[in-house]
């Protein structure tokens, strides 16, 4: 089979002769290829299907059941659904979640974008700054929440101390996590501080994707820094902004840990959010059917946002 | 995602074929910049291979052999080449290791004894000098022997011994400089201790041997390319 | 033996057929080039030969073996990709040696082959570098080298020069031709650039919309295109296609364009032209067949005067491209720079009809061949 | 204005000032934590803040190991984190290769299944998941948490996005060179996906290390607990021992800091590949 060429030294000398050709039918080859592909997916998919997909389907079914986890399951029909409207705590939780989302999404977005634009410039120590901004995102929530609670301690915390030295009367000092009016503010501030580094990184990636020629062209047209930002950066970042908005919205709907750590939903129901309510109903009251119904509501909220995103992506 | 794709497809500057080859320190830095990751892996390999202490000399030889390929800008299959060189040089290297260890120990002992004695009686300065020079010479000889035996593989042992002695007498300075570099590496490790914990694990050994190889390489090629030697090239071991 | 036969080869993606029943015989050690506009199915054909694309129907034989369902690695082929597809994390040496290593070749054999290929391609100084540092031209050579060391019987090249700049493309064309002579293997080369096809190929396969239009040597393709597509695709500037009416006067056929009568040479097969008498056909004249003066070596019987108005002149140095208008049609003539004309000038050129083409306007097929 | 012979515009100074101020705000809680961890509890809230304690109490860092079984907690967490991270990296990149570079029936359906769960809050299905685990008898085992976290859709998604950016021709060249799909994955894709693997490592490591709710639901026995619940337990037990709490928090932060700093240079690429499409 092999040919001798004047240029290349003779090939087969010493090494394996050309392989015997293995002929299989097209059908067999297709099946083989599919099996190979499935074998790649299988390890992850099996775990995924059993521990994620299955419970999700179960959760949907559970929403229409009564169950306390030990006694037999009974069918509930839409009982759980009607109960939502009578549940004062649920209404509060829904309202709080919406408030949290409406305030924290734009605020985080603006901070992240601002930081990304600042840190996309060639400044000395850029990597250090980026890392520093990102660090709160990876830091242990338990650890930072306790610091946060101490810093915002109404009586002894340094924040109120500083406000006091700035001349605010002690009775006017915010009560932060202990005050029904300030508790949500505290949680939101904490959320922004913790997560904006992450969205900054996404924005940085988006900024790197902008063709530098666009800035040069804008410069030739006489645009100043603000105009460049307004007419080049912002429109070019539109897909990123959209993505970040969706992500942030979903994250805000799902907020739980930081509430649990800082205010535990209180005082009263002032920071009770949806997921917190789910948690309470499930693991405190063991009303699994009802908690699944709240979860279903949450799911449809998230789904709505996701669908909007998919629509948008398809258009692009 | 386009710039992610550019990561794979962006063309480089290209490498000029006729670019003047760098020499000396610049070349050292260039090779290091290109091969640093290989050196880290080599270092781990060295540590693994020398864990049963007796294999330390053979691991040294094998590492030196890899470093030689790097100095000569040749392709390296790290694991395979390392184990091959390890096996090939195992016997000679082990003997070399024992002999060198013994000689150096003796030399250092002598230097220490005469040094202590010389402090009291100046007469001992003479044997101190002799033993000091002899120890340094033996050390350099041993190093050159290692370099030569991984460079010129099909030489008789006698030839190698002679040639390495010759190289030591002829061009001891580059190797001394390399050894100073090695010493500096370890000194840095000790000085910045808590920060530099990972230095030995990541590059001290391989970079050290690389420096030795780099320093001694010129001497090795010089003695090997002497007309009298070039004729004896292909003699079997 | 590495002759290759494609028998009724076709490829469908769902309802879409991209390659229609292709029949092609490629001889051993031939340099064959598939050329056509993008989306014509040439790359798909090549990828079917490589085994990267499943064959939907028909047969592919390499030598005498049916290869339809043989995996790529057992087809004894090597491929050079448009973007070179060098493994970014391996040095050039390892890139080249990789295929041999997988085939468990002994190390000294691998080393010898890599060194040889590197020497031939003049990339010895790159062997210990990673692709990231290489320029496009150097990557191209490495990609060729990677194919070479395997000593395959068939080389598949998929637009290998399209990412290079014009100058480098010229030199690489020559190098690949030399390489083909030297390696003595079958080359199948895909390109959309007809210059590459004309300069390098033993035979050219012109494709359009998944169909083979014509398979022939470069010169034949140029001189005897079988249809208007091939005529227009091969040659730059393009062949001029003008509506003309066939007349017969005194036993001699002529074509009338815009009232100007151009005699058709006697060498043309009159039996083929006769049915078109009095009908409209498409007359094809290559730009270089217009002359400012009738050349001495052409039978004046086969020429006719041709009047047109100059719209634009493009001096190329060695020649001038005249963009002209005649009877509302654009056409281009390649004349010598001595021929002085300005935009708007009415000029009369001599049309050399020896190599003229005639096409049926409905079927677009050549009347002559 | 000129500094060190270079012209520096007001804009540049403003940029630096802003960046530095924001960085300080971002890091202030950590600085406070570090400083408080070296103080006596009663000095923690002293005002004005003494950033560098004049008499640092290093004993805090010794005491925490005896007050709670911190070493055990760290061991448990490390074990969980390492197993989960390794499993996650392996299975995700393995599956992602098929989704990015192979063709097979129901590929899009399966992938859609993955995508659909990315946006799904864990809390939606944590209850049925808990019941399932209890059914399997995995309650109060580490295995439950491993199963829970090692097979996430996000990992597959991130790796797949990254693999999509690698030219398919590389795989084809490898096929022609004679590799099978497993070899292509191991020898071509895996070595090339350092940025994505680093990102996924950071994410998985950080999530698992910092996970609080999971261990809280599944682990009730002290000897199984992780550092985060340990820390929480410590906080509620010794709520006034601020110095000790801060010291324990610092200890809990260190591993994440190390992993993050070691891998962060690939991070922007990795996040980008997970984030933006097209």
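As written, the chains take the letters A, B, C and D, and residue 1 is the first residue of each chain.
Everything that follows uses one rule, which is that contacts are C-beta pairs under 8 Å (C-beta built on N, C-alpha and C of every residue); 3 or more make two chains touch, one makes a residue touch a chain.
If you're wondering where the values come from, they're calculated on a predicted model, not measured in any experiment.
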Separation of subunit C from subunit B in steps, with touching chains one step apart: 1
Fewest touching-chain hops separating subunit A from subunit C: 1
Most heavily contacting chain pair (counted by C-beta pairs in contact): A-D
Where subunit A and subunit B are represented by their mean Cα positions, the distance between them in whole Å: 53
Centre-of-Cα separation between subunit D and subunit C, whole angstrom: 56
Between subunit D and subunit A, distance of the C-alpha-averaged centres to the nearest whole Å: 13
Subunit B and subunit D, separation of their C-alpha mean positions in angstrom: 42
Residues of subunit C whose C-beta touches two or more other chains: 71, 83, 88, 103
Subunit A residues counted as touching two or more neighbouring chains: 208-209
Subunit D residues counted as touching two or more neighbouring chains: 167, 170, 192, 269, 272, 276-278
Parts of subunit C lying in touch with subunit A, wherever the complex brings them together: 2, 54-55, 63, 65-71, 74, 76, 100, 103-106, 108-109, 112-113, 116-117, 120, 148-149, 151, 153, 182-185
Residue ranges of subunit D in contact with subunit C within the complex: 167, 169-170, 172-179, 183, 188, 191-192
In the complex with subunit B, residue positions of subunit D that touch it: 161-162, 164-167, 170, 192, 269, 272-273, 276-278
Touch list for subunit B against partner subunit D, complex: 1, 3-5, 7-9
Touch list for subunit A against partner subunit D, complex: 33-34, 36-38, 40-41, 43-48, 50-56, 58-59, 62, 69, 115, 118-119, 121, 123, 127, 129-136, 138-144, 146-148, 150-151, 153, 156-158, 161, 193, 197-198, 201-202, 204-206, 208-209, 225, 239-240, 243, 250, 253-254, 256-257, 260-261, 275, 278-279, 282-283, 288, 291-292, 295-296, 298-299, 302-303, 305-306, 313, 316
